[in-house]
Amino acid sequence: MNTVQENTQALKFIPASEFKNRTTEAVSDQHLRQSFRGAMDFLMAKRAAQFPDLAAFEAQRGLAEHIRKYSLSRLPDLLEQLERTLTANGIQVHWAENAEQANALIVGIARKHAAKLMVKGKSMVSEETELNHAMAAAGIEALESDMGEYIVQLNGEKPSHIIMPAIHKTKVQIAKLFAEKVPGANYTESVDELIGIGRAVLREKFMTAEIGLSGVNFAVAETGTLCLVENEGNGRMCTTVPNVHIAITGIEKVVEKLEHVPPLFGLLTRSATGQAITTYFNMISRPRQPGEKDGPQEVHLVLLDNGRTQAYADEQMRATLQCIRCGACMNHCPVYTRIGGHAYGTTYPGPIGEIISPHLMGLAATHALPTASTLCGACDEVCPVKIPIPDLLIRLRGEATHDPRPGHAPLVGQGAAKSTLMNIVWAGWAALYTRPALYRAFGWLATRFRFLTPPVQSGWTVSRTPMKPASRTLHELVARRRSGR
Amino acid sequence: MERGNRYSRRPTDIYFYATCLVDLFCPEAGMDAISLIEREGVTVHFPEDQTCCGQPAYTSGFADEARAVALTQMQLFPNDWPVIIPSGSCAGIMRHHYPKLFADDPPLKAQAEALAERVFELSEFLLNVLKVQWQDTGPPTTVTLHTSCAARREMGTHEHARALLAQLPNVNVALQAHESECCGFGGTFSLKHPSISSAMAGDKADALKETGAEAFISADCGCMMNINQTLQKRGDAFQGKHLASFLCARLANSGEKA
Amino acid sequence: MSARDNILRRLHSAPQGKPVLPPDVNGFYATVRSRAPTEDRAQRIERFCEKMAFWRGEVVRVTRGNWAATLQALCVSKQVNTLLYGTQSPYAAALEASGIKGLKPYDRPVDEWKTGLFRDIDAGFTSTRGGIAETGTLIVWPDAHQPRLMSLVPPIHFALLDADQIHDTLFDAMSAQGWSDPSSPMPSNALLISGPSKTADIQITLAYGAHGPKELVVLLLVNEEEL
């Protein structure tokens, strides 16, 4: 059965430069709007039920933020320590500066084992590197085994949410997809039966795959342990059944001590899906040992940079790397709720995607993303590691429209949205608002000539009546009252 | 300094900082806010040279321009009086973001921090500093409250405004669906991403209207215009009022102080 | 320069900023504990059982004297025809004496019988290293005698948990059991298991038995009077 591999041909990467058109299309899709609204409402309610006590939540996330900041402050040392402990445990460590290097490393390992099939646990980093394409190009099937990932791969799509990849699809759509694409599957709208179909197909694959790939949620430097969080058990399958396990992760996922894991893990699952814990927490410290009867003979870890060191180089933007990928920011984002994950055109959608993608993909491709926020702060309020997302959005808006600050290295794509017109507009704005007399004169004119208000005001009047000045400014009303007129 | 201590000192004089939107688009809300403070026996000073807090440039990433404007505003309040702002969003900028804007300039940062301690959003000031006690003179009504995001998350205005409205026994406050969700204004966001902004504004207008309230109340002119003008475009008579104007009207016939 | 050197060089050359002191995780949990209501053994066991039931794990209270017989009865009622167990585990002798039909030892490398493991086994039995009351969680510590796949591949997982080993939180469990003690290093694969395998990936509708066991049955070892 090779349907999945054939279908990956249908996958199209959508350039981020067309972001605005895609969002317009997305918001007018009522079906999409409803399905995201319903799903996000559900996830928000589930999360809220986990944090009934705001003070307790603040204390927990204060600790989690501290752990992440501490880990990042010692990042290079911890990575070297992790490499030492993993190596001592028999796990092979590889480093990749970009997606191509990471994919080449993984293809190389797979070729060494003459692999035909790789089963994949959920890994957003492997989405980021577009590993499945690289494997297909090397003639190796890469099969997603997380149910949601399996569904989107079967349909030739990318995930629309980092935790719930197929959240944009209804069970009816999935029923049709399975009946059409899975050999021998009968049409059913029963979720239990649909999961049963996936289970049966994928169990055959777990048995035959030579390679299992996974992501990593936390890498513990002190013990040399890779931690994976999941509900389905496919992550355990991928990391236990095939003879070779390859884990891939961003360099920021390392923590120093095992005791740093419980606070982060507890917040991760509660923030993500409102669960106190997931079904499985999988702690992998070594390959199969002599006398052991199962587990992979080889375990590899690929540590990926791919722009993370750029975020790290700036003390403010370093906070981006505190992220533990819970997805709460997207669940609570009114923009994400309206447009869904695909419109972003990036691996990581929503608020975290808007602040991490510029480092991963460069500002030339992503400068529109940080503008797609009202800065409402909902993300900031729920982030379990207190990433100041609105501040970072403002910072990136500045970097996209300006040359680097003095003493700062340029970001990739620095100034990609620079515009002479906007420079003039903001210079004019500053000139007006720094000159009180001029400002009052402007107010006087705007109120006296309010009948000249244009009936069409750019995007504003698409769905609103025009902005029209009052008949007198407050300045004038106050002055009039003072003088007793 | 602890903000709690700030609340304990009742001033005789205050500065009123209207914001550029109130100045040009909702001046009556500004006048009503001034009346609410004056009826508590406090002298209101209106610095004539005030313009804008700098928020549009700040949130657009034009920090230099925002700094230039912020700097001129910081000079407007020489006496140690509170600065009262009828907008949670602009108050949030002065209290929380001015110190960030001048982070690299220690003397200006200190000045911004000192100012931040004196900045109050209107409803916070009425409730916690002036500790108003009101008598409701209006007829029974049901309203719903929309709080701007900055007001909610930076200034706690949703709680302050609710507490003020709770003093009015004839006013029933209905809760809308997705109460804490943004209305989609976001300053320049509404111009840069009109389709997303319109979708959000439309949903917010629906949620407010579905409460069956006679009107919605907001303490931010930006949200109010966004939602009101969305409703107007639909030809809907349901509209929002600024909190200051609503309160003023409710108290119109009561004495100077209850 | 290798990718490793380049990455580490970039990280080392980044501005250091203010040093961050190590977080006091122990202090945090001590504070949480001091504010929590005190709990006796019975309450803790009850809390574990409630949480496990929430994850749809089945808890059956057993004693040292009757656990094997109880398991035998469960195998009959659940129509288990083949039960996988670890031959050299401390529980092997009791299992072998229990009269359970279709006992199947996991006594050779998986590579030699992968298909059999996936297709022919109805249930797996493992011991556990402990439990966590806060989340209704089993701590499973596979080794050469009780391999990793026993708790994953068979459709039913029976797990024996000693109620003496139920800790309050994950942090308490790892501290008390010395997980990061270098003298007894972490196993190849340590596991926390909270209920049977599940997914909500189709229209956020919960379904059990996604890839792993469809049922998790905890045999909770208690004292006679706690039955």
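Per-chain numbering from 1; labels A, B and C assigned in written order.
Assume a contact is a pair of C-beta atoms (placed from the backbone, for glycine too) under 8 Å apart; a residue touches a chain by one contact, two chains touch by 3 or more.
No experiment lies behind these values; they were computed from the predicted model shown.
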{"item": "Contact-graph separation of chain B and chain C, given in steps at minimum", "value": "2"}
{"item": "Closest chain to global C-alpha mean, per-chain Cα centroids", "value": "A"}
{"item": "Busiest interface, counted in C-beta pairs", "value": "A-C"}
{"item": "Between chain C and chain B, distance of the C-alpha-averaged centres to the nearest whole Å", "value": "53"}
{"item": "Centroid distance [mean C-alpha coordinates] between chain B and chain A, Å", "value": "34"}
{"item": "Chain B residues counted as touching two or more neighbouring chains", "value": "none"}
{"item": "Chain A to chain B touching residues, read off their complex", "value": "20, 23-24, 27-28, 33, 334-335, 338-339, 371-378, 380-381, 391, 394-402, 426-427, 429-430, 432-434, 436, 439-440, 443, 446-447, 458-470, 472-479, 481"}
{"item": "Chain C-touching residues of chain A, taken from the complex the two chains share", "value": "39, 42-43, 59, 63, 66-67, 69-70, 73, 75-76, 79-80, 89, 95-97, 101, 145-148, 151, 164-167, 169-171, 174, 191-192, 194-196, 198-199, 202-203, 206-207, 222-225, 231-234, 236-237, 239-241, 243, 251, 256-263, 265-266, 273, 276-289, 291-295, 303, 305, 309, 312-315, 318"}
{"item": "Touching residues (chain side chain C, partner chain A) in the complex", "value": "2-4, 6-8, 10-17, 19-23, 25-26, 28, 51, 55, 106-111, 114-115, 118, 134-137, 143-144, 147-149, 152, 169-171, 174-175, 179-180, 185-205, 207, 209-213"}
{"item": "Residue ranges of chain B in contact with chain A within the complex", "value": "18, 20, 22-28, 30-31, 34, 46, 48-52, 54, 56-65, 68-69, 71-72, 100, 149-150, 152-154, 180-182, 184-187, 189-202, 225-226, 229-230, 232-233"}
